[in-house]
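Chain lettering (A, B and C) follows the sequence in which the chains are written, and residue indices restart at 1 in each chain.
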Amino acid sequence: MPTLNEIRMVAPALEKYTQDRLLGEVWKRPGLAPRDRSIVTLAALIARNQMTDMPYYVNVALDNGVTPREISELITHLAFYSGWPNAMSAVSVTKDVFAARKIGNDQLPSASQPLPLDEAAEAQRASRVGEQFGKVAPGVVQYTTDLLFRDLWLRPDLAPRDRSLVTVSALIASGQVAQIPYHLHRAMDNGLTQTQAAEALTHLAFYAGWPNVFSALPVAKDVFEKRR
Amino acid sequence: MPTLNEIRMVAPALEKYTQDRLLGEVWKRPGLAPRDRSIVTLAALIARNQMTDMPYYVNVALDNGVTPREISELITHLAFYSGWPNAMSAVSVTKDVFAARKIGNDQLPSASQPLPLDEAAEAQRASRVGEQFGKVAPGVVQYTTDLLFRDLWLRPDLAPRDRSLVTVSALIASGQVAQIPYHLHRAMDNGLTQTQAAEALTHLAFYAGWPNVFSALPVAKDVFEKRR
Amino acid sequence: MPTLNEIRMVAPALEKYTQDRLLGEVWKRPGLAPRDRSIVTLAALIARNQMTDMPYYVNVALDNGVTPREISELITHLAFYSGWPNAMSAVSVTKDVFAARKIGNDQLPSASQPLPLDEAAEAQRASRVGEQFGKVAPGVVQYTTDLLFRDLWLRPDLAPRDRSLVTVSALIASGQVAQIPYHLHRAMDNGLTQTQAAEALTHLAFYAGWPNVFSALPVAKDVFEKRR
């Protein structure tokens, strides 16, 4: 990220917005903790493959209490939800931050007991997707069950609520409007409150641009109304 | 940007298309001035975070009569419409071009009188958006009014018509189809002609790819027809 | 691309998924040849402007039997379908791989006889697009005919079936859902089988992320059903 001084050399107004509004105000809004804002920000950066600002925000995340284990899982999660190359770029950048902060293997996820699975809900999801797309792309459907919902989502080092926050943030940040309803419902089932979701949208307006957020608003509205 | 010679080492046909068609023909088409084409190009590059070609096109823009003040405002504007990280990347690249051309603070925007606001139109916009989304994401709605329409859009160093051209180009270049109608109407209210909009689409086919433009064509058609 | 060891330093789980699942399993699935998977991967990387992993995958492509001539044409093709800056980035990266492997001009496409054109089908396409958008953006419509369908698509060094595979992969990878039906039909007219298309979707889930593929599934389903 350019320094405030460097921003001033090109766009003094932007330096002022950055200092007064984004860093001085948005990050301090109630309704979403700084730790959660860090998760939202990292998810947006990885989803959009914007690695220039990444070292700065990985450090901010660690300072805000996101653990190395959680950052590791966040990147692993987004390999699937934003694509492998995005995760690979995130690895390249994050390894230097981890090295500089002497974060070693003992602070990273290790093989451990998966979280319990709600078998009934998963069976219902799998059968719905299988009926829709099982004959269209059997490989996709199989991996969605085996790799995503019976493996990745059950990894214990990132709480399901945080995993959902990562997913929803990445979807909004990359304009994947059609995929938001399922994952926003799931996020709220996993404990994300409506206030937190609304603040994530506000935060993402700055980090992913107004248009992505305005395209997400109608579907968020619809999800909120359905859950009343 | 690779040199024509470097392009030839990988893709001789592409070198020929670049020289004969893109640089030799598209940029010289009537209907949209080279200065405006530079604005469209910079907006597309920033919206898509493509910084490799950016130094070349910032220089072209300055040569085509886009002022440092306008480039500064264009980047500031896109912090909001393409996201902060895109603007930060643009700052990093542009500061070197500005330094090389000895463009100092005296050529950048300074605090100045905001443009007059059409209070009735803005009140109508704010009330429409507030009714739709005021309860969904109050932070987004508040910032849209305070920061965007009562602040950013009134900054005098980029004319509203150019600010609209930046916005519409960024929306088309990043596939934000749902947000095009409002901003294309606004652009034409701000003085962009239909011919200029059509040429911006043609220009963007090359800089943002055919699919983004083909997805924008039906909504552009609809806007043009509604304004007859 | 980070080494497996570097991935392990940040995300041991991701290292395991990469080695066991992506490289050890997905690439070896029947239904789509490694050569075709390389074409799909390069198209996705260029469409999403992800150049960090590009050198690795250009080498993989050459090892899998994609010729320098085909890679050259693939990049040229995507200048139009993903935008010029994406192709320029791909040139910058690919020229170093070509140089390292001593791939010279004699292995690149040269001026040659265009492929025969199905005049009736092209006339029908041109008239349909002309009626829809001829008055909206005449420049776009003209270039679509002259540069794309009567020039680019007839270049002989990338087979129409492969050119279609490149196009469809790029569309899916960049979320251009509205443009998929026309090009998936065209791909299958050009000889891409339904099994191959389904496997391309599976492959792209990993390289462009699950959400892009899930948004493409309904339109793929619709195309497959219409062709029964």
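Just a few scattered comments:
Simple rule for what comes next: a residue touches a chain if its C-beta (ideal position, glycine included) is under 8 Å from a C-beta of that chain, and two chains touch if they have at least 3 such contacts.
These numbers come from a predicted model, not from an experiment.
With chains as nodes and touching pairs as edges, the resulting graph is complete, every pair of chains being joined.
Comparing the contact residues of subunit A and subunit B by number shows a mostly separate set, under half of all numbers used being common to the two copies.
If you average the Cα atoms of subunit A and of subunit B, the two centres end up 27 Å apart.
The residues of subunit B that reach two or more other chains are 49, 175, listed in rising order. Remark: subunit B residues 1-2, 6-7, 9-14, 17-18, 21-22, 29, 31, 44-45, 48-50, 52-53, 173, 175, 177, 198-199, 201-202, 205-215, 217-218, 220-221, 224 touch subunit C in the complex. Those residues of subunit C that touch subunit B in the complex are listed here as 49, 71-73, 75-76, 78-92, 94-95, 98-99, 105, 108-110, 132-133, 136-140, 143-144, 147-148, 155, 170-171, 174-176, 178-179.
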